[in-house]
Structures are given as C-alpha cells and as structure tokens.
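Pasting a structure below so you can have a look.
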Amino acid sequence: MRADGRAVDELRPITITRGWSDQAEGSALIEFGATRVLCTASLTEGVPRWLKGEGRGWVTAEYAMLPRATSTRSARESVKGKIGGRTHEISRLIGRALRSIIDLKALGENTVVLDCDVLQADGGTRTAAITGAYVALAEAISWAHANGVIKANVKPLVDTVSAVSVGIIDGVPMLDLPYVEDVRAETDMNVVVTGSGNFVEVQGTAEGAPFNRGELDVLLDLAVAGCAQLTTIQQETLEAGRGR
Amino acid sequence: MRADGRAVDELRPITITRGWSDQAEGSALIEFGATRVLCTASLTEGVPRWLKGEGRGWVTAEYAMLPRATSTRSARESVKGKIGGRTHEISRLIGRALRSIIDLKALGENTVVLDCDVLQADGGTRTAAITGAYVALAEAISWAHANGVIKANVKPLVDTVSAVSVGIIDGVPMLDLPYVEDVRAETDMNVVVTGSGNFVEVQGTAEGAPFNRGELDVLLDLAVAGCAQLTTIQQETLEAGRGR
Amino acid sequence: MRADGRAVDELRPITITRGWSDQAEGSALIEFGATRVLCTASLTEGVPRWLKGEGRGWVTAEYAMLPRATSTRSARESVKGKIGGRTHEISRLIGRALRSIIDLKALGENTVVLDCDVLQADGGTRTAAITGAYVALAEAISWAHANGVIKANVKPLVDTVSAVSVGIIDGVPMLDLPYVEDVRAETDMNVVVTGSGNFVEVQGTAEGAPFNRGELDVLLDLAVAGCAQLTTIQQETLEAGRGR
Amino acid sequence: MRADGRAVDELRPITITRGWSDQAEGSALIEFGATRVLCTASLTEGVPRWLKGEGRGWVTAEYAMLPRATSTRSARESVKGKIGGRTHEISRLIGRALRSIIDLKALGENTVVLDCDVLQADGGTRTAAITGAYVALAEAISWAHANGVIKANVKPLVDTVSAVSVGIIDGVPMLDLPYVEDVRAETDMNVVVTGSGNFVEVQGTAEGAPFNRGELDVLLDLAVAGCAQLTTIQQETLEAGRGR
Amino acid sequence: MRADGRAVDELRPITITRGWSDQAEGSALIEFGATRVLCTASLTEGVPRWLKGEGRGWVTAEYAMLPRATSTRSARESVKGKIGGRTHEISRLIGRALRSIIDLKALGENTVVLDCDVLQADGGTRTAAITGAYVALAEAISWAHANGVIKANVKPLVDTVSAVSVGIIDGVPMLDLPYVEDVRAETDMNVVVTGSGNFVEVQGTAEGAPFNRGELDVLLDLAVAGCAQLTTIQQETLEAGRGR
Amino acid sequence: MRADGRAVDELRPITITRGWSDQAEGSALIEFGATRVLCTASLTEGVPRWLKGEGRGWVTAEYAMLPRATSTRSARESVKGKIGGRTHEISRLIGRALRSIIDLKALGENTVVLDCDVLQADGGTRTAAITGAYVALAEAISWAHANGVIKANVKPLVDTVSAVSVGIIDGVPMLDLPYVEDVRAETDMNVVVTGSGNFVEVQGTAEGAPFNRGELDVLLDLAVAGCAQLTTIQQETLEAGRGR
C-alpha cells in the first residue's frame, strides 16, 4: 500500500492548465499531485547562428526550480553564479525529448525555447516538465499556424511525447513516484515515450542495489502504460481549448 | 481616459491568494491586474554569521523574473552567470521595506528569506512584490507562533507595509501603472508606505523631463491613498485564512 | 551642533579640480570634505549596437570604490568576480542623472562613459560623483566642440545637474552627511536637482523609523538649497578653465 | 561491415596501463581503440563536511577533455569560466557508477576522487572512463590496505564495474561505437554493468527515430556481453600488477 | 635623443606624496613623469587561515588600473567578472618584491595588503607601484610601532626595495621607459633591487629580436644605477614626514 | 651531491615523443625526468578578429595541469570557475617564447594554439612545456607545408627555442631543478634561449635571499649550456620522424 493510497500502477491526479500565460505563444501549468511546473513555449523567428541558412528550426529547453519549491530553501543558481549539474542534465533531457517529435525542417527557420519552471516540487519534476512542455509546444505551433508564421498545410509535430518516472521501492516496481517514495527507491527510472508507443529516452539508475533484466522489464511496462494515459490527458487538454 | 478604463486614482484589480505553497512557512500569490508575483517566506532558525550571538534576527529578500514573464523572452540570470543591476536593486528595496516593519529583536535569532518570483509581468512588479511579501511574512510569523518558534506574547511585526507605483503620463499624475503606461511615463515613482501612513521609501525618477515640487506632491498623495487601500486588502486576506 | 562645527544647512568644503587627467576627454577630481572622487568622461565615436543608426548618442556611468577608500579595507569586486548590488545601483543612478540634462540627439552617434572612482570615502560618494561627473561631461563636450566631433552650434547640454545627500539625525534634518552622521541617520535621502531647480531623482529611505510628510518637505528644502550652491561652484570651476 | 572491420558484437582493442601515475594512489591509462583516458584515484583521509561523523566514506568523479582531444580544438572550460552540461552529466554518471560497487561504510571516513581526463577522444569516452576508473579505484584500495589506511580484513569493493556504448546504425545494433559510427547512430545507449551481471545504469537516447522494445532488448544483450569481456580484462590487468 | 629630452640613463621626474590617504595605515601617491600610482598599505591583526599559529605575518599585493588611466578606456575587470593575466602577474610580482625585504617573523601575526591602483598610466606602472608600495609599507610599519601593534625594538623591515624598467630602443639601452618608448622597445626588462644593491627580480623579455649577453649586462647596469637613485628618493620622502 | 645523483650542470633524462596525438596538426609528449607534458599544436586557417586583414598569423599558448599531476590533488580551474594567476602567467610566457622564433608574416593568416597540459609534475613544467611546444609547432608547420596551407618555399620558423630552469640551493647554482630542489631554492630562474644562443626571456626571482650579479652570471651560464643540449635533442627528435 502506498502512502497516498494509490495502486502501484496508478498515476497521481494530473491537471494541465493550458494558456496559463498571457504573454507566451504557448503555455501550460502542469500538476502531478503536488508537483507544479509552469511550462512556456517562446516561438521566435530566426535560429541560432550555427544553424543559419540551413532551412531548419531549433527547439531547446531550460529547466529551473524556484528556491522554495522544495521543503527547505535552496540558493538560487543566479545568485551562485552558475548552473548546477542536475539543472543542466534535465534541461538537455527535455530538449532532446521535444526535438524527437518535431520535424525541424517543417518548423522552418524558427526557434522555440521551452522554459520549465518548477513552482512546487514533489518528485517527478523532469517528467512533468516534458509532459507539460509538449502541450505548450503544441499550443505555440497552433499560434504559429494562426498567425501565418507556419503555413497551414505544414505540420511540424510528427508525434506527441510524454514522460513518467518509475522505480523499485522495497523490491516493488511502482509508477509515478512522489518525493517520499523517490528518496527510498533502490532503482529510479525516467522514461520518455511517444504517443505511438516508442522510446525516446530510457534512463535507469540503481541508487542502491543494481537491478536485473526482469526488474527492468517490469519497470518499462509500467512506464509505457503510464505514458499512454498521459497522452490521452494531453490530447483532451489540447482539444478543450485555451483557458486559465 | 486610461487604456483599461480606470480613473487616474484607481488601482487595478488586486487578488492575493494566501498559502499558495504547501512547502513554505508563508506564501502569497499576488496579482495586480496581469502582474503575478509568487511570494514565499522561508523562516529558519539561526542567523548569518555576522549577526550571530547578538540576539537579533534577519529578514532579506530576493526578487527574480521568469524568462517568459514578459512579452519577449529574457535570458535567465542563472544562465548568464550573474545578476543584473535591476534585480539587485529591487531585491535590496524589498528587503529594506520588510525590515522597516519588523522588530528584529523580537524575531529572535531566526532568519526570514522572502522570495518574490514574477510569474507574469505587466508593470509594478516590485511594488506588488513588497505588498505580497508582507502577507507571506505575516503568515510565516503566524506559523512561528503556532509552532513555538516565537513565543505567543512576542510580536515581531510592528506595523504593516505595502507599496504602489505612481507616475506622470502626458502631464497627468496616475496611480498603479501597467506596462503600457509605465513605458510612456515622464516621471516614475515607487512609494512604500506603512499601515500607519508613514513613508519607508520614496523613489522618484524623471525618465523624461525633470519634475517640480507641485508634481511631486500630487504623486505622493496618490500613492498614500493607494497604499491605504492595499493595506485593507492585505488585512482582509490575512483574516480570511489560508487557502489556495 | 555637528561634529565638524557646520550649521545644519551648510555644505562641507567643496573642491573641484578640472582636467585632473591628461588622458580623458573630460575629468574632475571632486572633494566634499574628505570624500574624494575622480570622475573621467570618455567620449568616443559610435554607439552601442542596440542604438546604431538611430542618430542618437549614449551616456552611461560606472561607479567604483578603491579597496582602501574606507576605514577598513574591502575586497575588490574584480577579485570577487562580481559587482555588488550597491555598485550597480549607484552606477545606474549616476547614468540616469547625467542623461537627464543631455540631448542625446544633439550628442549625435557618440558615446560618453563617465567613470567615477572613489579614491577616499567619507559619506556622500554617490552625490559627489554626480556633481563631479557633470563637470567632466561638460569638459568632454567642450573637447568635442574644439575637435570638431560636435558642431559649434549644436548644444547637447540642456541644463546642469548636481546632487547632495540629506538626512535626519536625532530628529534633526541636515544637509550633506559625512560618514559619522550617515551611519546614525534615521532617514537618508539623495536628491538630484537640475540647475533650473527641478528634480531628477528623489531617493529617500527610512533606515530606522519611517518618516512623515513634514519631514520629507524639510529634507527637500535643504537639498534644493544645497544643490543651488553646488551649481554655482560647478559653473565657477568650468569658467576658470582646466588645470591640475 | 564496419569501417574498422569489426563484427557488430566485437569490442575495439582494449589496453589498460595500471600505475601510469607516480603520484596518485591509483591510476590507469585506458584505451578503447584511439580513445585514451587517464584515470587517477586520489584517496585522502576525511570526508566532505556534510558527511562528517557518519562513519562513511565518499567517492566522487570528475570528467574532462583536453582541448585537442578531438579533431577540432574546443575551448577550455577553465577559460570559459564554467563547466558545460555534458561535462557535468558525465562526471555525475561516473561517480554513481563507481559508488554502486563500493561499500561506503567499509571505506571508512576516507574520500576517493576519480579524475578521468580524456587525452584523445574517438567515441565512448564516458564508458572507457568508468571502466578505467574501476581499475584506478581498485589500485587505490590496494594502496590503502598496504598503507594501513583500511584494515586488511575490510573489503570496500563489493563487486566490479565496467561500461560500454551500444547503438543502432542503419538499423543494425552494434557494440562499442567509435566517433564515425556514433555520429550516425539513430539510437545511442550507454550501459553500466557490474561484474556479477546486473545493471547500474541504462541510458538510451533516440538521436533520430524513437526505438522499440525489440531493439532495446538487442542493445542490452550486446552491452551485457561486451561488459563481461571488459570485466575479464580489468581482472587480468589488476592481477598482472603495476607498471608503466 | 629621447622624446622628452632625457639622457639614456636618466629617470623621469619622480614625486612621492606620503600619507595621501586619511584612512590607510600607510600610503603614497607616486609619480614617474605622467604615471601616477596610489599605493596604500592596510595593516590588520591576524593572518590568512593557512598561516595561523605559525607566529609569522603575511604581505600581499593587488594591482589594478582605473579604466581611463590609459589613452583609450579599458573595460573594468569587475565588470568583465574576471581578472586578466597581466593584472595577476603584476600583483604577484609586487607581493614577491615587498616580501623580499620584510622579516615575516618580526611582523608577527599581522597582515599587510598593498593596494596599488594606477590612476594614470604612462609606462612603468609596475615598477612605480613597487617603489611606492615600499613607502606605504614603511609608513604602515611606523604606524604599527607608534600604535603598539609591533614592539619598538622589533624591526620587520630588513632592507628597502625599489624597481625600474629598462629597455632597448633602436638598439640603444635606456632607463625608465614612458609609454611611447615602451611600445617600440625590442627588449623590455623590469628589475627589482634592494637598497643594498642585490637583485630581487630580473624579468627580461625580448619583444622583438632576442637579446645577447652583452645587452643584458648593459641593461642591468642601467637598472641598478636607477634603483640607487630611487632608494635615495624613498629615504628622503620617509624622513620628510607625512603630508599631502 | 644531488638527490638523484646528477652533477650540478646535468639535465634530467629528457624524452620527446613526437606525434603522440592522432588528432592534432603537431604534438609531442615531453618528459624531463618524472615531469610529463603533452603539447599539441592546433593550426587553423584564419586569425582573431583584431588581426584580420593584416596578412599576419597568430601563435598563442594555454598551459594547464591535471588535478592529480602533483603529489596532492588540486581543484580543477574549470570547477573553480576561474584561472589562477600562475596559470595565466605561464600561458603568457609560453606564448611569448614561441612567438619569438616565428615569422608571423610568413605564417600567413593562420593561427596556431599550443596546448601544454601537464600530465605529471615534478618541477620545471613551464620550461618543459616551452621545449615540447617547439617540437609540436615545428611538426604543425611541416603539416602545413605538406598540406599546402603554407607554400613550400615559405619558412615561418626563423630559429628554434628551448627553456630550462636553474636555481641556487644551499648556495650552489644548479641546472634543471626537480620539485624537491625547487622548493628549497633561494633563487629560481627560468631562461628561454633560441637555438642561436640568444635570450628570449630571463625570469629570475629571489625566493629567499636576494642574489648578486656574480650568482646571476653563473646561473645564466648553466642555463645557456642546458638549452644547447635541449636544442640538440629537439633537432634529433624532429629528424627521426613521427611516431608514438
């Protein structure tokens, strides 16, 4: 039995608020239980210098956490004057995940920056960020279509993408770990899956004892099933239209 | 006539959501129209090294803006590796404002860090931050009383504090400027006022033509009246109790 | 009675040495009692990238303090690897003050950098810096006229500017505070005034008890009268010609 | 057929030179084909402040690349003044890998820093680093036994660890990718395996098309078989004794 | 014939103003022609952590240049966020030079920081800094004697020290190069000499053609003779007493 | 008698491995006893912006030390976020030394970056770096000739260069100091000499007692003789051809 009463293969309550921002081309406030991440997509014309003239666009991501998103306050990375390894690693992961489902040629020479700011953290912030960033990105692509930045018959999004964490606690594989479970997990895995069910990223780490092939298989099953549910929620949110 | 239909001495719609954070000792999401600032108060035992053993507490503040709080995206200060002059200046202003109404002796050897993160910016973010930070601070002091960190008969808060911007646009002094007015203002002034009606800070700047004594007097009148209304809203929020 | 025997509305001895530098287009070593600030104006053709092609010039300022300007040595900001909030805030203030009296269109696509380095600090360094920077700027404009960088009939300076600090010590409003008074002031205010008597900047801060409207009015009167005297000294210095 | 004539399940020539350094407690120069990584283990008494008094040791790693390890020169991270995301990510990976096979209690309050400096890069530098770092670590533990820093009957190493890269090129899963294959891989996976055959880390990334479950299974099979061979080479090297 | 009419073995006019600072324990404004360096000596009780409890003191130096010390403005190192190689190199040189003539045991557990700030630069700033820093240091030691920080019969200064630049221009060895000569020199040498005539530092660099042994000998002769004159000026200044 | 049995005027065993790198245009692993420095020369077309269009090339150098090159581990400069004074100073020295024997006009608009990474340090790393960097540079120039980047009849190298350390230990001048001698030296001198026997750089520092003219002369004699031997070894290495 889990502390919050969920089954081992059950997601926390998921809420996605589309169009949270009045300023960004796309945005979503995503909640996985008490984890809340504000995702914005900033779409601008032009690409970084190293891509110029190649007829392709660029998608990149930046992840950050507010200092009091966690139970004790952390110093700001801006104050420390440098970005920590964990932040870098997650930003790169989000960027790769979102680039996996976009056709950069179809995007044209446009750049999308996905900002994922964790307002409150309770485990699974990076996977929530990927899941929310997809909604913000889709909204920004709609904006680009509506505003003539991308032609109506050009479809940069070739699939959808979502992500979830899984892990083994006391020998039991479980889906979608909140902080209290995450710190106790022997193995921790983040899985990024497309809407069509293929893997974009599999990152499994033994925090305690190494894991065997059988455990790996069960974890992958849980993650694939969890992402299928997230895909449905993403689609429902996008069909329901903007609104805070 | 102002773009949003307000009278020259009228505030934008003000909303304060107390207890927005599940993690912080005190918190408030404050909205001045489309400006939204998340304020958290982190209260911890102990003081910075330079204050140790003096029997006094410390209150400090940090202000920051999400990259897409504004109409075009700004680079993160953590990525740039340094904090800009504007951020420093506002953080220091918020800290001074909140320290003006707290008795650091009564606070005991405890530290409160006020984090004011602008989620969306539409003018007046620093004054909204001060006004919201007061609510977060008051909530944190209640928490300290409830948890025995500060004795029930010790009252660190000696007054309340709020702040508002005023400015002269096309020769007309006005209260609470949104971004569209702020960029056009000839004179811009931020005023921090205690609940008892005295000044903590008066910062007036001629952005265009220098201003005369008569104009200064009208701006101060507008600001004092605006802060009186903010004081009332703060008190109502605190009396209504926590809740998101 | 003040420690140095001055009346409450009396300035410290003011000395301005024009043309202190053999290298800069304009320069002044200004002394307010023991406070000594070396101000240089570097005038170069061209403007920052973001201003190019707009037919306007730019004026900016940088303030700094030598490590042993003060009674105990401070670490250099270059060694610490970052500029502190106070330095940023004062640099920005000086820049705004000097831009308020210059017609950037008349300056043409030229840039003036005002460097204000505090060689010795005894209170009022930022206001001394503004007052001295005006002399350096005026000298640089003369240099530009003499060297054909700006045409003789084009007058970029539309007014003069000076600044002074005022404050309340033991309930008594006073003009031009040296360090011993500054640390004891309940309220501290820096006022920047044009030669024609209007305000460019009013920055009043309650260091101890908040201040009321009556006190604010007395402080402003003191500052306006002090700046009028500084304006006279500036003019006399500029008329007397260069010389170290 | 691979460019270097290898079978799809064949490792490049592997060379491990133990005791390359005269200074470090443990060291190994490891070569995977043209990839050369110098791994040193610095064992010192004491632990970081946050671990003090807990009776446990600490193992951490730092990865870096010489500027001309690659075919075109990269700027030094020391000159740029910050460490890039890739460096951070790999350093963290190596640290986790080595901590997975060490009993930190048995290590006692000692710290081991594993420095992995890439002298020449031709793909697979992070997995070579892990494989070489294990040899350096084992040598440092022998040194600690020989010098009485750890008692003879205390065995901090609970297993061995090695790592290898696998990937899919033109639809074909392959073991141990050199640079020319790595840049063309659709999927790239780094796998860290213990001597007893369990997983410490599985990091698979779709660089091009997402991958399916079947492909994942083949990649894992290749990696497990490759690591088994690396384990044998590590053991032979350690049994053969020190020597450059 | 030199541009300023001097003989090849003649120093520029040298002026040393002792006690320029009201704040520092020792200070001197030194001028070598148009080169002006403000040297302060800050003497404080205590030593850096790594020297604690060894009964010895410490002397260190920091060199810097105001942005407009030179004919064109340089960016501040504090703004750039890092100290350049040249600044580091000169700071280290000055520190070594001054430590060479002080008995750190006799200094006791006290620290002297020598700040050498170039107010105006016209060649030879590092050698002027060393020569002036000696006067500031001697004044600070007198202050320590007068204030009982060092006992009257303890003499930390075991010799005096001065420095001068020499160089070869158009094949002619010359003493004390101003900027116009320095940029044209084929060989440039800075020599630090004690009052008793021994070398502390010899730093000769071929900027153009390498130099031979005969040229090196002539340069050393010029430098030793120049430093003997500087030693006399230092002594006269110190005997004349403080005064700005 | 020296600890390693050498005569006072005897070099340590010197080994130079040409062509150590498969990637760089030129490279050499140089060993002076236990000191090992990997030198690579990266030759690329084009010059830094400030040199463009002048028809001249550029040669620069960067020196660094691996963290465990020394008997105790040092923190990485990339992790500390800044380069220390010593690193800067040595990088600049190497750059000047190599530029002294190259005709930048003949190099054409090409840039050579010399990276000198100390893999193991036992005294004399900077002089070993210069001596090895010359071999790497010569190899890169050969590469440029072979690849048509520089015409066959154009000879950018106008001389050869090598360097060695000398010092006085217990009053005895000695050649080529390993670490155990270096830390005890009263005077330490690094001398850079061309193949034709002239000086490029003479850097003598009194670490303990100042040195006199006679001592300086003996040190220079030792250094010149040592460099003559190094010149021979460099030539033999270059004639023997590439090979690891």
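As written, the chain order gives the labels A, B, C, D, E and F, with residue 1 at the start of each chain.
Here is the rule we use: a residue touches a chain if its C-beta (ideal position, glycine included) is under 8 Å from a C-beta of that chain, and two chains touch if they have at least 3 such contacts.
Predicted, not measured: the structure shown is a model, and the values here were computed from it.
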Chains in simultaneous contact with chain C and chain F: E
Minimum number of chain-to-chain contact steps, chain A to chain E: 3
Same vs different contact residues, chain D with chain F, by half of numbers used: same
Repeated interface matching D-F, over half of the contact pairs identical, chosen among B-C, E-F or A-B: A-B
Rotation, 0 to 180 degrees and nearest 5, that superposes chain B on copy chain E via CA atoms: 120
Whole-Å separation of chain centres (CA-atom averages), chain C against chain E: 32
Interchain centroid distance [CA atoms averaged], chain A/chain D, Å: 29
Chain centre separation (chain C, chain D; CA means) in Å: 59
Per-residue multi-chain contacts in chain F, two or more chains: 81-83
Arrangement of touching chains [line / ring / star / complete / other]: ring
Running round the ring (origin chain E, first step to chain F), the chains in order: E, F, D, A, B, C
Residues of chain B that touch chain A when the two form their complex: 21-24, 27, 34, 38, 40, 42, 44, 62, 64, 66-73, 76-83, 87, 113, 115, 117, 119-122
Contact footprint of chain B on chain C as seen in their complex: 82-86, 88-89, 91-92, 96, 100, 159, 189, 194, 196-206, 209-213, 216, 220
